[in-house]
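In the two complexes below, chain A is the common chain; its partner is chain B in one and chain C in the other.
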Partner chain A sequence: MDIVISKETLHRALQTVQGVVESRSSAMPILQNVLLSTEGKKQVRLLATNLDIGLRGVFEAQVTKGGSVTLNARKLFDIVRELPDADIRLVEEDGQWVRMTCEKSSFRFPGLPPSDFPTVPKAGDSEPQKVPSAVLGDMIRKTMFAISQDETRYTYNGVFMESEGDKLRIVATDGHRLALIERPNTGAEFKNGVIIHKKALGEIVKLFTEEETDVEIFLHENHVIFRSGDIELSARMIDGDFPKYRQVIPGDNNNHITVDRDQLLHALRRVSLLSNEARMVKFVFTSGQLVLTTNGSDAGEAEEVLASDYSGEELIIGFNARYCLDVLGILDEQNIRFELKDSLSPGILKPEDAEGYTYVIMPMRV
Partner chain B sequence: MDSASRIRVLPENLANKIAAGEVVQRPASALKELVENSLDAGARSILVDLESGGARRIRVRDDGEGMGRDDALLAFERHATSKISSEKDLHAVVTLGFRGEALPSIAAVSKVVLTTRRRGEPLGSEVRIEGGRVIRVVEMGAPEGTEIDIRSLFFNVPARRKFLKTKNTEFSRCIEVVSRAAMAHPGTEFVLRHGDRTVLDLKPTQKRLERAAELLGKDSLPHLIEMPEAERDGIRLGGWAGAPTLTRSNRDSQYFFVNGRPVRDRLLVHAISQAYRSFLPGGRHPVFALFLDIPHEEVDVNVHPAKEEVRFRRGGAVHDFVYESVMSRLGSPSRRPRLILHKPNGPETPMPPPGASRAGGFGGPGQGLGRGPALLRGGGYIPRMDGGTETRVQAAGPLPVVAAGIQPLDAEIENLPVNGEAADPAIRQLPHGSFPLDKVLVPPDPSCPIRLSECRYMGQWAQCFLLFESDQGLVFVDQHAAHERVLYNRFRDQFRTGVVERQAALVPQTITLRPEEALRLDEHAETLERSGFELESVGVGEYLVRAVPALLADRDPAGAVRRVVEGLADLDEPMSFPDLIDGIIARMSCKGAIKAAHSLHPEEVASLVEEIDKTPGRWTCPHGRPIMLLMTEGPVRRKFLR
Partner chain C sequence: MIPELSSASGGPAPRVIAHVDMDAFFVAVERRDDPSLSGKAVIVGGSTGNRGVVAAASYEARALGVHSAMPMVQARRLCPGAVYIPASHSKYSAASKQVMALLRTFSPALEAVSVDEAYLDLTGTERLHGPPYAAAAKIRKIVEAELGFSASVGVASNRLMAKVASELSKPAGILHILSGREAIILAPLRTGALPGVGKVTAARLRGMGIRTVGDIARLPLSVLEANFKNGGIDLYRKARGEHSAELVLDSRPKSVGKETTFGEDQGDPDRLEAVISRLTGEAAARLRQKGMEAKGVTLKIRFEDFETNTLAAQLDPPASIDRPIFEAVKGLLAHALDQKSKGRKVRLLGVYLGGLVPPDRQPRLIEEDSRQREIRLAETVDSLRDRYGAGALVSGRAMEEMNGPKNREPKNHESKNQGTKKREMPF
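Right after this comes the complex of A and B.
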């Protein structure tokens, strides 16, 4: 292999795949490498995988001699970042060694055999489902925090995506709280839904931000592949039944209370600093106000008073502060609305004046 | 075939063979029955001879009360026993054996010669039985007491014979049997011979600790902590538990007796391992010899044919009592073993070290230091008058007397442990002063805990170790491990007393339990709820997990329920809340503790020292790493050729 690529392009290319490269030492050292292969005379393809997800991208280069090499992705990235803005030449030497030169700098890296690099599923020829890039990224960003990190409940380890009529829906839950987002569907179809593994979610949010372009989604037997432009992300699908989320969203929570989101977020952050390990904060709704309190911990006690439009009888409910902070932090709207029934039933949190987002939290009790 | 009489009573012979399968599984189980018979007969001396791990021959001779001719014959009838006579007796069994199964069972599967003479009678008898059949009964002269000579165990049950393990394995089980009996009966002499080799030779003693020291190994003595002998509801726990500095890689050095009967009971094992749990590194086992006394009507020993398991009427109470007793001693060892092995060299003293001081507990001045084992040196083993205050005797001589339990480094001493491992014999060849560091830096003696606030702080070393000068030597404290222990104990106490917050489930998980598990769960529903679990029965053996302790919400809540239920199989009580979240507490303390590679101001050290001194169980961090190690003066002096 003998190619010339601009520093700017190689830097961007390596940055794109970096998040997928196995960062910890692994039983397969080659997972810390990135595979570079030439495509025709004008392109080079980069591929990285940690076996759960894979990312490939095609970038411009001048190919003098075709071939492929694998190199330590982190090392290569760290060096390229520091190089001057000029053309970089990569030449394969004997025994998988690669020489990289850029103006007056010269480096030699040992590579690993490209044939050892694991295969990563490709998009294929089937008809893709299309979702606007920024919409997908935003939907995932607003739900992914609610998934479970507990590996024993593997169907909770991802977000559930489905289409229903003119709605596209993504749901995530860890069994104690649930986040649901709906956006208008522009013709994509996920009839039975797919569960996308949590490891892919961060990359999706990072990669798919553009308003104008669509993400093409290909469903394979065990994988789901997202493609946008020259970038292709493949992720393991979680095989199993997502919990029946509709049943747990209460329909008769008749106490509706509006609170300023930003004020609540900061008050809750302050109060929760003095909560105990279990992070319980008491929400006391009385006429015209919401009082947040923590006590019982050796760290101290805290109380915050906020304005609300509540006019009913006193309602006290305990929530895990983290569950509330998670959602308050990702919403953008000015006001949020609590929909509550009593201190033992699940509570709902919604943006006040935007449809399509529902967050359900189970209360805590002493 | 006559269909009317398909069911028939088994011939006596066959019934015995079947019973033998239960009672006599291997030579050790036969030996156990014989030794217990001897003890029940009031023997003061028991001699055991084995050949080929007991498979070829087991001979037990005692000086007990013996049997008359008729009794000798009757002893081989099934359910013939002199030990109980009515059902009422069964509920208050005081003897070791009582089922009347042992002898006939053994006789059914071996060739037995029983020779016995009843105390005070002129003539004895000899009964010879093979495969359960009486071959010969004669009157003859015999020493007082009983001798049972069993040859060719399982000669007529080839299947069983095939299942015997190697000679060594069978033999080691026999050692265990005799050791256990000997531990419980220090007043009885025990001799165990295998072929020509004498393996155990235990002289009778009035002191239980003396017997314990012989069986647990002399090296363990300085590390043994005496139990408080506290009593609760008629239950008492005596004996000794090894400090966490003394560990073994197996459970061989664990003795537990219920009313003098050796048992291996899950409930008790659990109680003790709970107590030790946060002190020991993984894979290490504590050493103990514990004696539980409990009113006879409170315990059912008729559970297991070999009586290894017992059943308590109030299992939970017994469990907690044992746990708390051991825990309280590990937390604050203020009593030390009260034994002075001061007998001069003589046949009565087991293994007297050559050159040991004969001056009793006071040791020889000066040159006696470091010569002879810890027991014989210095003031270390002066018994305390009241078991509470420290008594340390200063001996005359150029050097201060080192307290007990400091590792003697003299070449004469072997097998003194660091963490229970036998000392490397190679050390004996090393010249004075060239001992490897791991033998120089030793865990402090648990019986006289170091109070850091009474030591002079010398400074921090390597941003990790705090150095103190104590009267026992130079103390190294791992700042992270020490602080971790302080926090761990504090958090545990908080969770023990605090309220349990529960997180309700939005999507409740279902768990499926086996019928016996479900039954146990139902019995303890209320306690589980107090620990933060809410379970709803939704079918046979099916439960919805409605809520879990909030601290467990993110970490496999259904798994936590399972662990609790499985715990119920071993216990009569569910795990306590702090036990359940032990991992979390340990993580919290590790996170909160001062890190290594962190320099500390003397003021910070002073406040840490105060906390450490207040903390019970300051042996190890919750992961089992030591908190303090001691460097003694002796080896340093020797290194300087002083």
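Right after this comes the complex of A and C.
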């Protein structure tokens, strides 16, 4: 292999795959590498994978001699970042060594055999489902925080995406709280739904931000593949049944209370600093106000009073502060609405003036 | 003559230590919840069937010869008319918290030694609670009035004698052993009445012709040391009623764990996995017994050349049931064998649970029922093992280990976070 690629392009290419490269030394050292292969005379393809997700991108380059090499992705990225804005030449030498030159700089790296690089599923010829890029990114961003980090509950380790009539829906839960977002569907079909692996979520949010373009989504055996332009992200689908989320969304929470999101966010942050290990904050709703209190920790006690439009009987409910802060931090709307039943039943939090977002939290025992 | 430290003539005023021991506590809790049980013979056991042993028996049942740890079959023969109730430890632990909270109002210096007994340091509370005997009576009365439970209270100048006193006063009694009278009270008691003298020690003492505590007190220290090594001095002091009055005030453990050294170094991954399965089960059971959950788990692994590694994993959410803990430990073991062993065999394995927190007050939104089932299952397994011994119920994986060679030195570990007695994890 002998190619010339601009520093700017190689830097962007390596940056794109960086999040997918295995960062820790694992049983497979090659997972820390990126595979570079020439495609025709004008392009080089970069491929990285950690076996759960894979990312391939095609970038411009001048190919003098075709071939492929694998190199440590982190090392290469760190060096390229520091190179001057000029053309970079990569030449394969004997025994998988690669020489990189750029103006007066020269580096030699040991590579690993490209044939050892794991295969990563490719988008097939099937008809893709299309979702506007920014919509997908936003839906994932507003739900992914609610997934579980408990690896033993693997069906909770991803977000669930499904279509239903004219709605596209994404749901995430860790079993204690649940985030659900719905957006108008432009014709995509995921009838039985797919669970997208958690490792893919951060990449999706990073990669798919553009308003005008669509992400093409392919379901390929046990992978879901997202393609936009020259970038393709494949993620292992989580095999298993997503929890029956519909039955935990309450329908009869008749106490509706509107609160300023930003004020609540800041008050809750302050109060939660003195919450106990379980991070419980007591929400006391009385006529016209919401009082947040914490006690029971050795650190002290805290109380914050906020205005609300509540007019019913006193309602006391304990929530894990983190669960509330997570959602208050990602919503954009000015006002949020609590929909509550009593102190033991699941509560709902949603934006006041926007449809299509529901967050359910199981209260703690006060 | 060396002057007696706690003699009545001069010297510092004696400490006032109370030992509060609840009478047939499990039965009392059951009676609180079902008053129709009062006055009846009640036996709390691990299981309602004929299997298992007695966890607690009411005094009516004890009168017929039933006692704790007796096989259930035997209890049913002695006391066929009794009401048999399966133990529900979460209920007893909740009631225990109420008791401890109430006792703390007498003195903040409280050491809870188990669900149903605690030491209280009442030194200097005379103006508040009256002299020791009156204070003990007040404790008994208030516990009875507020919570409906009967307690026995022993008061003395140190922990040992306070415990002996409560034992002698049972049930529903009060005994104050005056400072200076310790040895006289102890002398006629059987050696087994001394806290810390178990069946093995008592049998060895019997072999030496020693039957009472007074007999021990007459032996020279050298004889006790020759027979009991380091335990000799302990017996020598205890037989004279000498003991510490210091309470372990914060008894919340920082970690619990189990480790085991193999009789023969092990290399078989399946066998090693079987061992961590058992160790995890035992460590988790201790955790549940303490009513805590762990935020982290550590695997300790010592190879044949004595190089020791520790690997840690987070438990999120905190756990006290075996399954998620075992999953995490299994991952650590696989990593250790894969990355660290370099072909060496394993000499020792240990599983430690740390970052202990009270159980989550956060119910689940989804599958709360199955979580409750898992917790109940763990509690049931615990109570069966309590009654029958650890081998009564063994997971298939842990059973694989039983075919293997015996291990050298099973070791319990519990480190407390208390001032100077602080012990770190033994790594």
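Just a few scattered comments:
We take it that the second predicted complex is superposed on the first by the 365 of 366 C-alpha atoms of A that agree within 3 Å, B and C clash if a C-alpha of one lies under 4 Å from a C-alpha of the other, contacts with A are read in each partner's own complex, and residues count from 1 in each chain.
Throughout what follows, contacts are C-beta pairs under 8 Å (C-beta built on N, C-alpha and C of every residue); 3 or more make two chains touch, one makes a residue touch a chain.
None of these values were measured; they are calculated from a predicted model.
With chain A as the common reference, chain B cannot sit beside chain C without a clash.
Once the two complexes are overlaid on the shared chain, A:360 sits against chain B and chain C alike. When both complexes are overlaid on chain A, the residue A:173 reaches chain B and chain C alike. In the overlay built on the shared chain, the residue A:298 is in contact with chain B alone; chain C does not reach it.
In the superposed pair of complexes, A:152 makes contact with chain B and with chain C alike. Once chain A of one complex is fitted onto chain A of the other, the partner contacts of A:139 are absent, as it touches neither chain B nor chain C. With both complexes placed on chain A, chain A has more residues touched by B than by the other of chain B and chain C. Superposing on chain A, the segment of chain B with clashing C-alpha atoms against chain C, chosen from 542-550, 596-604 or 632-640, turns out to be 542-550. Common to the chain B and chain C contact sets on chain A are residues 149-150, 152, 173, 175-178, 243-245, 248, 277-278, 280, 318, 320, 346, 360-365. Contact residues of chain A toward chain B in the complex are 148-150, 152-153, 173-178, 243-245, 248, 276-280, 296, 298, 318, 320, 344, 346, 360-366.
Interface residues of chain A facing chain C in the complex, by the touch rule stated above, are 27, 149-152, 173, 175-178, 243-245, 248, 277-278, 280, 318, 320, 346, 360-365. The part of chain C that touches chain A in the complex is made up of residues 316-317, 323-324, 327, 338, 357-358, 360-368.
Touching chain A in their complex are the following residues of chain B: 494, 498-509, 547, 549-551, 553-559, 584, 588.
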